[in-house]
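Shared between the two complexes below is chain A, which pairs with chain B and chain C, respectively.
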Partner chain A sequence: MTDVGIDASDSGPLHAFGRGGVALSAVLPGLPQLMVGRWGVGGTSLIVWFGLLSVLLTRWARFAAGWGGPLDHKIASLTVVAGLLGAWGWSWFDMSRPAESRSIGVGQWSLAVRAFRKNRIAVVGLMVIVGDYLIALVTPLIAPRDPATLAPLSSRLLAPGGEFPLGTDHLARDVLSRILYGARISLSIGFVAVGISVTIGTVLGAVSGYLGGWVDAVVMRFVDMVISFPRLVLLIIVAALFSSNSIFLIMAVLGFTQWPGTTRIVRGEVLSVREREFIEAARALGFSRRRIIFRHVIPNVLAPVIIAATLGVGNVIVLEAGLSFLGLGLQPPTPSWGSMVSEGRAFMIDAWWIATFPGLAIVLTVVAFNLVGDGLRDALDPRLRV
Partner chain B sequence: MRRLLGAVPLVLGIATIIFFLVNLAPGDPVLRFVNPNMSPETQEQIRVNLGLDQPIPVRYVRWLGALARGDLGYSFNLNRPVLDIIKELLPNTLLLSFTAIGVAFFLGISLGIVQAVRQYSWLDSISSIVSLFFYSMPSFWLALMMVLVFGLFAYQGDWPIQFPPSDIQHVNYAFFSPGEKVLDRLWHLTLPATSLALVLAAGIARYTRTSMLEVIRQDFVRTARAKGLSEPVVILKHALRNGLIPVITLLGLYLPFLFSGTVFIESVFAWPGMGKLVVDAILQRDYPVVMGGTLIFAMMVVVGNLVADVLYAVVDPRIRYD
Partner chain C sequence: MPLLEVTDLRTYFTTDAGVARAVDGVSLRVEAGETLGIVGESGCGKTVTALSILRLIPTPPGEIVSGSSIRFNDEELLKAKPARLREIRGNAISMIFQEPMTSLNPVFTVGHQIEEVLRLHRGLSKREARAAGVDLLAEVGIPEPDQRYDCYPHQMSGGMLQRVMIAIALSCEPSLLIADEPTTALDVTIQAQILDLLVSLQRSHGMALLLITHDLGVIAEVCDRVVVMYGGQIVETGTTSDILTRPEHPYTQGLLASLPGIGGRDVRLKSIPGTVPSAVDWPEGCRFRDRCSFAWERCAESAPDLLPVDGGSGRTARCWLHDPDDGSSGRVEEPT
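Coming up: the complex of A and B.
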């Protein structure tokens, strides 16, 4: 490790802008960073700033009405304000710090952050994800139409362009609006399901790896069994049996079947961590097993967990789309990307756009998660950092 | 051999999970046969005929007993023994999945080698991005897009390459000569197998690239080069054999994935196979078919893992099983 000190790309001549740079970032957050090549910070804050500002200006009426509207409207308006302030504040804070203070940390995490920043394509992935979540939050403000409102039947199956940028479906609903609303479903299912699976996977893996013995044997045989079981069958059985498929059910089902992979990874890491001296020290101090596992073991195996979680979100989004495609996901009026593809399938000959665009949305989102996951693996895995 | 014996309790455990999952789930298969004019006695008779009047533990023991004799039971809805149905549909699924796996491993490994040898070249970066896109694609969507392009636009635009958008063989298949029959099957196989293979190949290429990169940096590769061996021999004979070890794990890992792949692909291409059978059976609560089909898939996964273990030992003599 030679480059633990001040990094050439990080100690750029930001301070050369002096107070002018700070002033510039107050007007156009991110621009000064962009000018000195720190385009991760710069690009993100500039895009967020411009995106939200244009939402604010073009949808002023909806924004103002949002405060008194339903919950998702309130959240959308709140997101616009918070996002604008956040982008502005972050850029300003980043500018006004002296250049040296930005490169002091040499801990594992700050090294990883630096390695991740250098991976441009992963940063692009992260920007796409941030954009995805922002869009999901402000959808009620930006969607051209209500996703469930049926336009006159004369505008059924309209080709993309004009009034409907991505065309209309067989019920004359706007495809673009439905994709925007569908983002919420896919992203929240991915987020919650992975949260469930990571929690179960980490705790089981850590307990099993640390305790060893028969606990380990039982847990690992169970993991083997769950992994050999065709997961899709399990998903289909559960989804088919509960006739009213709420979003929470889908989240739970996906989450409770996703964990075995994480368990295996965590157990493998714990096996090596538990032999280390600091664990021995903790044991010598007479800490309880529970305290050792949760306070000492788990924090030291988090890196692979974070990687698995990021890659897992993409996986869950594809699976949810698959369930919806088979007609077992959420009930029809709710726009989900998978069910849109499934509905569009019947109209492929007349209207290719109904099935194509939601699929593209899935691919773009999942690619972004996989890019970030790969970037995190490169950044967090010291074995690869030569 | 010990591994083979170890697989028996695993399969038994899976069979038990399948049984209780299917039988304890809410929903009544008899309701499918009920119509408003039916007397309760008739309903009860149907229940007895299907063997559903017995308590669950009795049904479990009976089912396991029949299973030991190789009897998977009798389908509620299709009025045929489950084993016969599976015998008829399994070859279709195996044809599709083995073609896909073969193509995927060939494509993926070759691409991975090229990427590793030409690391950081434009070829490497472009194919990495492209394979990441395929890797992230839902297979059903890729299949639909293939149908759209090669099965619809190709016919509309009268392109030279056209493929059938669905079905397993031509309507007049029975009247074809043997040569034409093979060609026709291949022609119908192309789109489904390619859709499945592309998604798999992308993942395989990513793994092969990483593991080949690790191997190429090792000392013995340098030694081989220093001996004056030609580059293809070094890469294909010395490095590849070591680089393939992690890739073989994928074979075991991909088998369950392949099941979900076939479910979607079979559904898109109207391919009469196991995936479609099991999904339909679940929706109709046809318990024996669900249990039989799932069990076959689970066994394929277990066998696949065993095969992967054996292949390990073949590729890497350092690994021994006692």
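Coming up: the complex of A and C.
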């Protein structure tokens, strides 16, 4: 192999751990990585390990009951098991493989990973996102109480502290539990809606850019049309048309209006990729147009797609919050961050905690996605890479 | 029956400035197992000829004009359906390109790219394809092929990548390999190695080679026969030794005269005066006449077809100097 990209800071000390490092990682996953300064991966696995372990120990009864419970309880219990095994297994694997294979910069992806790791604030953002999703998955195990259950009326509008760490709202519901359950709504909407939009955007953009001609003209005029239509109006109309606003409807509407940006980015990239010599070589090898578009063109334009997707998640979460704030999102009592802010608005003076904490959750998550998006842009753009 | 027979190939491009007649009536033959060189300067239509053979001309703006014919193994490629063309490309006819650094997909390992061809055209399983791919890398002279197989293009040098391209081109045992300036982007020592490799592989696989180059040195080393192109047309054909020792067309003479020789350090290199005219409007008559020191009125009126030269040895040249009915015909002497 070439000696391209052996990271001196990585190979020496880790190797020195030898079998001791493997044993150490079996006891505390992430610790050996942390000790040699790989704080990103080390810290993440340590935090995940500790967090899930404490969930397992303190909520053992719920964890055990989870296997027979509803789907989200099953998923939560499964996440705990998979997370613990994953953190432990990964750390062990990371320590037991030879130092060279860990840090040789092979493909452009591993180069990008190394560039991304240098950007500390983006790594913190990634850790916040990973934490967000983990919390959303294990919410049924960790939430202090049911988000929709009303406590006795005497405990309305209680300030944070004591029995209710983040206070209660005007219906005596626990704000912390509602934020935890709300995370599932916001994050899954962000994830699914962006999944839909990125899939549509990438395929349409690649086909339109590669084929050109009338296909390109039709697709791009369609993009212009979708972009020119005010999105909020469309969302309000759809919300009005369907009386029951299920989460899937919101995901679909957000997803199916989000794609034009991705399409334009992908088309622009494809226009330059298709002129590269390896595409002509692929045609000379008798590859079909479909194979060239999906197997050769799209992998070359994935970098901007990933950036757009990451930034898009933040965008969609804000949109959903706005929609819920306007009362057009999910029906109460389903908790969503946006609707919590909306409900807390009336009590802003007397009970600031109702709107503030979900608002902070939105800000924290969206900022994390934007930080990761910016970090990815720097890491994936070879022109910015030194 | 020749392996490849191109007859009166005309490939035109529609541009804003008009119709560019990039290839304008090219006819050539490649026999099985032989090496034919196409030589000419930039813009003479060599590459477009090669791309036309594989039907890789982007349409529009390009178009192969009706009346052209490209027969491969007695099959008319200009009438072949897209699916049939895809079967032929990379399988019966392979092509290697000028820039090895950019001819491979940067996001996949070289092994992945060899595998893809083997699996598509030869229907091998992933494991068989890997074994065959490593063998191919070894055959084209890549050291440690097993490890190189998992390298990405940016980890290899230009010469190595051109070997990989040759391995991919050879993977399906083509009967014709088109090499479009395969050594132009490489430095001189690597050029020689790649040419040697091409020649030895061509012999061991018994395939025909259509070598496109602007470098007469490459032609001299590799080719059996040569066609010289100028202005979208063939201006001279013949065996390599004949063309190099006794060029008959003034353009070929100019090309040879402009080669640097060994010894004459203080001699100024000769060049052909003027520049190549635009493909959008070739001059009437002979396309070389503005740059030709022999040109006379007749050259402005019309251009000849390829006229036989030198008593039936199969050599031809597109020049009135070789018109048997003209008084001035015969062997061209250097003007003093």
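As a convention for this text, the second predicted complex is superposed on the first by the 378 of 386 C-alpha atoms of A that agree within 3 Å, B and C clash if a C-alpha of one lies under 4 Å from a C-alpha of the other, contacts with A are read in each partner's own complex, and residues count from 1 in each chain.
Operating definition for what follows: a residue touches a chain if its C-beta (ideal position, glycine included) is under 8 Å from a C-beta of that chain, and two chains touch if they have at least 3 such contacts.
Predicted, not measured: the structure shown is a model, and the values here were computed from it.
Asker: Once chain A from each complex is brought into register, does chain C clash with chain B or fit beside it?
Answerer: fit
Asker: Answer with first, second, both or neither: which of chain B and chain C does A:Arg276 touch in the superposed model?
Answerer: In the superposed model, A:Arg276 contacts chain C only, not chain B.
Asker: Under the stated touch criterion, which partner chain does A:Phe287 make contact with: chain B (first), chain C (second), both, or neither?
Answerer: Touch partner of A:Phe287: chain C, not chain B.
Asker: Looking at chain A, does chain B or chain C touch a larger number of its residues?
Answerer: B
Asker: Which partner chains sit in contact with A:His296 here, chain B, chain C, both or neither? Use first/second/both/neither.
Answerer: It touches chain C, and chain B stays clear.
Asker: May I ask you to decide whether A:Leu85 touches chain B, chain C, both, or neither, giving the answer as first, second, both or neither?
Answerer: A:Leu85 sits against neither chain B nor chain C.
Asker: Which of the two partners, first being chain B and second being chain C, lies in contact with A:Ala64: first, second, both, or neither?
Answerer: Touch partners of A:Ala64: none, neither chain B nor chain C.
Asker: In the overlay of the two complexes, what angle sits at the CA centre of chain A between those of chain B and chain C, given in steps of 10 degrees?
Answerer: Taking the centre of chain A as apex, the angle works out to 90 degrees.
Asker: Chain B and chain C, closest CA-CA distance after overlay, in Å?
Answerer: The answer is 17 Å, the least C-alpha separation in the overlay.
Asker: Overlap of the chain B and chain C footprints on chain A, residue-wise?
Answerer: none
Asker: Enumerate the contact residues on chain B facing chain A in the complex.
Answerer: Its residues touching chain A are 10, 13-14, 17-18, 21-22, 25-27, 129, 132-133, 135-138, 140-141, 144-145, 147-148, 152, 256, 259-260, 263-264, 267-268, 278-279, 282-283, 290, 294, 297-298, 301-302, 305.
Asker: For chain A, which residues are in contact with chain B within the complex?
Answerer: Spelled out, the residues of chain A in touch with chain B are 121, 221, 224-225, 227-234, 236-238, 240-242, 314, 318, 321-322, 325-326, 338, 341, 345, 348-349, 352, 355-356, 359, 362-363, 366-367, 369-371, 374.
Asker: Show which residues of chain C lie in contact with chain A when the two form their complex.
Answerer: Checking each residue of chain C against chain A gives 54, 56, 85-91, 94-95, 97-99, 102-109, 116-117, 120-121, 147, 150-152, 154-155, 165, 168.
Asker: Inside the complex, what are the residues of chain A that reach chain C?
Answerer: Against chain C, the touching part of chain A is residues 1-2, 4, 106-108, 276-278, 280-288, 291, 295-296, 299-300.
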